[in-house]
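For reference, chains read A, B, C and D in written order, and residue numbers begin at 1 within each chain.
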Amino acid sequence: MVGGGIGAFIGAVHRMAAALDGEIELVCGAFSSDPKKSKASGEALYLPSSRVYGNFEEMIRSEQKLPEGERMDFVSIVTPNHVHFGPAKMALENGFPVVCDKPLSFDMSEALALEKLVKDTGLLFALTHNYTGYPMVKQARAMVRNGELGKIRKVVVEYPQGWLSTKLEDTDQKQASWRTDPKRSGIAGAMGDIGTHAENLAEYITGLQITELCADLTAFVDGRLLDDDGNILLHFNNGAKGILHASQISAGEENALNIRAYGEKGGLEWRQMEPNSLIIKWLDRPMQVLRTGVGNLYPEAQAHTRIPAGHPEGYLEAFANIYRNFAICLRAKLQGKEPDPVYQDFPTVSDGVRGMQFIQKVVESSKSEQKWVAF
Amino acid sequence: MVGGGIGAFIGAVHRMAAALDGEIELVCGAFSSDPKKSKASGEALYLPSSRVYGNFEEMIRSEQKLPEGERMDFVSIVTPNHVHFGPAKMALENGFPVVCDKPLSFDMSEALALEKLVKDTGLLFALTHNYTGYPMVKQARAMVRNGELGKIRKVVVEYPQGWLSTKLEDTDQKQASWRTDPKRSGIAGAMGDIGTHAENLAEYITGLQITELCADLTAFVDGRLLDDDGNILLHFNNGAKGILHASQISAGEENALNIRAYGEKGGLEWRQMEPNSLIIKWLDRPMQVLRTGVGNLYPEAQAHTRIPAGHPEGYLEAFANIYRNFAICLRAKLQGKEPDPVYQDFPTVSDGVRGMQFIQKVVESSKSEQKWVAF
Amino acid sequence: MVGGGIGAFIGAVHRMAAALDGEIELVCGAFSSDPKKSKASGEALYLPSSRVYGNFEEMIRSEQKLPEGERMDFVSIVTPNHVHFGPAKMALENGFPVVCDKPLSFDMSEALALEKLVKDTGLLFALTHNYTGYPMVKQARAMVRNGELGKIRKVVVEYPQGWLSTKLEDTDQKQASWRTDPKRSGIAGAMGDIGTHAENLAEYITGLQITELCADLTAFVDGRLLDDDGNILLHFNNGAKGILHASQISAGEENALNIRAYGEKGGLEWRQMEPNSLIIKWLDRPMQVLRTGVGNLYPEAQAHTRIPAGHPEGYLEAFANIYRNFAICLRAKLQGKEPDPVYQDFPTVSDGVRGMQFIQKVVESSKSEQKWVAF
Amino acid sequence: MVGGGIGAFIGAVHRMAAALDGEIELVCGAFSSDPKKSKASGEALYLPSSRVYGNFEEMIRSEQKLPEGERMDFVSIVTPNHVHFGPAKMALENGFPVVCDKPLSFDMSEALALEKLVKDTGLLFALTHNYTGYPMVKQARAMVRNGELGKIRKVVVEYPQGWLSTKLEDTDQKQASWRTDPKRSGIAGAMGDIGTHAENLAEYITGLQITELCADLTAFVDGRLLDDDGNILLHFNNGAKGILHASQISAGEENALNIRAYGEKGGLEWRQMEPNSLIIKWLDRPMQVLRTGVGNLYPEAQAHTRIPAGHPEGYLEAFANIYRNFAICLRAKLQGKEPDPVYQDFPTVSDGVRGMQFIQKVVESSKSEQKWVAF
């Protein structure tokens, strides 16, 4: 693991998600750019000190030298955006598959370079757009793909949060400080942090691609350097229209990623904060509430559910689905087998490139007087 | 009453709303452009045949001749859009106050003419943007006005319906046929029918005004002549940003007018289909669910509530609040008194003019390659 | 109307409910036992002073003398429990049909006398168990009757309120004072006031009859003379088991009448505070949320709906359904016609007798050391 | 681990819960009474074959012989009820702390023997009444304990499931077969399986104890040998009254453990299927919805939350809280330290004894003609 030292948020999430199914074991790490902090973090995680490294270069070089079967099987990168590219590149170049947090990189050129490297090395690369790991998201995708809702006409995806309503980056809140800093986060703030999740979710569920967009980004908090709110009109490749809005100044909102998609026959609604329900509204029939584990769901949903209906599964379980699928595919590959297609389902480097393009186009559109920017 | 014959929807709503509080009595009507149908409708409403008229001109002329105290006190106009102007103009010119369904008129020039006429005659004129009649909408407005949420930064107002997902206008569904017909509805479909409600609600609650917009309207159903869906980016006069979307092809949606507004201190959420709840989310405190009739609400909310908490009040009660306030103000005026300010609260001809401008600007923006259109 | 003077709650509800559909007009009243207050109330309701009476005896005698077609068509009784019997008896004896608030009477002997009188006179008598007026309650009943849920096994009906959590009867709160006074309310407090609604609703929806019960009533507030809370185990005539609990000290609850009934094939859930939804849970299929006005509901539900889906109908509309059905049946009777069976649906004097028996048995059981009391 | 072989439900839950926080590692197991199945299960869990045992006796004896630091630190027992006592007794007698699934044992005498053994050995013993592990349950408990709701008057706890609506035990569904078999489950069915969870939750949150009860148990499914439904009236030691109902024939219900408790100042409501919300209703103030991770919650709630607000935590995370607290206390004990009191919070053998008494009294009461049975 690269990053995720004491005090980090997403590193702990990755560790819990990876540990949940007993398929992945944390064996080494470079948890901080501060070697002392890295050591302390590794100790707290019960790692032998020999495998807690001062930086990712050391980690990759040292692990590389260990005999097969002892060395790490892949690298998880859980650092801020500007430290994705370095470890990812080096890991791939040294033959290690990668799980990387989103967005893929600091800028577009890094993204394209990584995509090329993944293609060239043939190594597995997972990007943790974790919200696609929820069983009911997979059910939604399968329903659309199987035409149950008819041709999709309209998509509304939204991701309001409120935690950056004040200038939190002026305190020592670690999460806020790098996310609002153009040197570490890139050209976008909220749009990179959560807007890309919304974009990825919309395309994942509908199977459509955004072709044009019209964006209106704002930094509401005085002195903030990157957008903390954005409203975007969307055109999709099948003629569908849509809206994406994401915000970190929607005061009082927690983490309200929601999506609605309407087809010719019916509509779906999924809300991340009540993730085990998928609401299906029909033109002429009563609304249905599909629930994780209830009734005859698609195999894609069933395969990503761990416990019986009514025992709520949450964010960590969805996140763990990314890791578990990655692990299943990695093992199959090592064993020269083809994994069950139901598990060949995790976001890849190409999703990451698409996300970086989204960031670029949104920022470009927001500055433009022209209505539509092609995507 | 003008319009609202057998088979009409909104006419019956107006009658129930007007009757609810025992303050208004239906005394006469021209219920249909077909005199026979008008007669039959009047009979079904227990009116004496002498006061059921063949058309609105006859009604206004005849009632005019009745002695004061016997003749109608005001006129309700519940016809399709293209038949608002005629009866409204004639009523005002003959000294009758008017309650008119929305949108105000067929086009902008009619709207401005009516506004002038109202000003010149000094007569009361109410426009039934009925959603502002809900107690919790009034509570929301009062909270914003009193600064409880801080300066408003973001507004999301949405009005999805699904009933026009198919080409209903090709059947003999009366509601669908005129709403999708440019000759009767005007230049907009969904935007005129429900988009104006959303615009009115957003401005009513926030006390802000839209200054710029960027619209993307679509007619999704093949062969439909007017928009059945629209997505709009908004700029407000205090710097707030927003989104308005309205749709009649959001398959499976009933009548889901919803609004969220976020200020510097907190956010509010109100959903028309569960109108007795107002959700307030705070930056650092637990979310509150304010409920009609519970606790220490603003007088504006209390004055528009009829029954104790937990006895749900709905659409008709909110609609009746428009009528009741109109009646209270009318009576006060006739008696030369000033009505209690809490009841001087119903949408006026100026709200109607603003709605017509909204329609015009939205249609203009949708056709434009330019991003922002001033409003 | 008997009762319902200024300051009363349920009188105003009856008037709004009766007025809503334009089928019933308030023509006279004895609004208070205090003649002055009765006059003032009548004036505020725009009644001619000649038809505002000092007491119900005067009202019935005077109206009796008016020519047919001018005199009142029926009497509404909206007084506290101890003043139901007198006016109801006199009205029936003088040929006037009756609409009476619940519970039917002060005690069992009055109830039986009224039932006999209704039978002997052949006059219509409606009891306002208004919650059975909701469209989705009628849908629930029709679904059970048509076997959609299979044989019913378990029923949970609950009616928590919190408004009597403190000794409100020591203030001058009119509603609290008579409801907690054995001289005006009878032998039960909460059980008479709201427990009977729960009992009526459970039997109405399931079509079953309670045959045995085991009750545990409590007066939690110090010095209160009647129960303010009760928990009851139920046995039904088909072998189903159940629970009924009602409370006026469930602090913070508004008017949360809810029912769940489970059959061999599925279960239903209806919540009065969100009355336009009926949740149906199936053994092996996704949950459905049936909504007023959506899809192919039973005629019983459709006939009691006034406005399109998504325009919420509430308490007053449900209450109005009782009045409207009564009016339709009364008119049919006067015209010697048989009313459409879908409208022959309002609670009768026999429901009232059953409610009084429920009160009696519950109080008896609560005092008993024996587990089951036959009902 | 004892039990939890391939195909079991709760064994996998225990493993995921134990693994989540990286504090506990599965090192050995006797996963099935069938040695072959045990081996296969161990292999699937990546255990070395030397530490996969044919039965629990072998496991305990063998591990006992391993040097300290290598042998297992405690035993998890995840077998059906009739196989709790044997391994628990032997583990304790050999110096191993125990985590045991609920209910504690097959019958009362076993329960008391275990309680004595725990006392005599001084070893830690956790019972997985996992629902008390939810952060908002801990918040609820803290609020009651701190008097925020005033003296508790009424408690309604319910646990409806529907999965045993048909005779599932006649199929080869493993979960159904032992739960409905008196030889493996004990004297109660639903009451032992889920009724004890409800009892435990009610006492945990309110801090009260049930003193009397009146039960009505039923086996609705033809030929079923144990209760599949039960309704119970409760008396608590402070004078509060309550209801507990649990059911496995509430068709369509998933796992709907819910509790409401009403005090003199306010009421609380928590629903297991939406576990991150705690609804607080006040006498005179707006309802609040407390949310995991939002605002100023009690330390007890905060300490059992892993991720930020709006990232839903579910069943496994709550279950993991039991394991993590057990691990923290165990480590502290081994290190001779006193653990932070906020983590000294998991159900113990005494909760288990109380649960067994509950089962016994409920069954006794259900057979009795007498109303109240002392508890």
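By our rule, a contact is a pair of C-beta atoms (placed from the backbone, for glycine too) under 8 Å apart; a residue touches a chain by one contact, two chains touch by 3 or more.
Owing to the predicted nature of the structure, the values given are computational and were not obtained by experimental measurement.
Counting only chains that touch, the fewest steps needed to get from chain A to chain C is 1.
The pair with more inter-chain C-beta contacts, choosing from A-D and B-D, is A-D. Here the CA centre of chain C is 43 Å from the CA centre of chain D.
Note on chain placement: the centre of chain A and the centre of chain D lie 34 Å apart, centres being C-alpha means. Chain B and chain D have CA centres that are 55 Å apart. Residue positions of chain D touching 2 or more other chains: 253, 280, 282, 287, 291, 294. Chain contact summary for the complex, chain C toward chain D: residues 149-150, 153-154, 156, 158, 160, 162, 165-166, 214, 216, 218, 220, 229, 231, 233, 235, 241-243, 245, 247, 249-253, 260, 262-267, 280-283, 287, 368-372. Chain B contributes residues 9, 12-13, 15-16, 19-22, 26, 45-46, 161, 163, 253-256, 272-276, 291, 293-294, 306-317 to its touches with chain C in the complex. Of all the residues in chain C, the ones that touch chain A in their complex are 280, 282, 284-291, 294-296.
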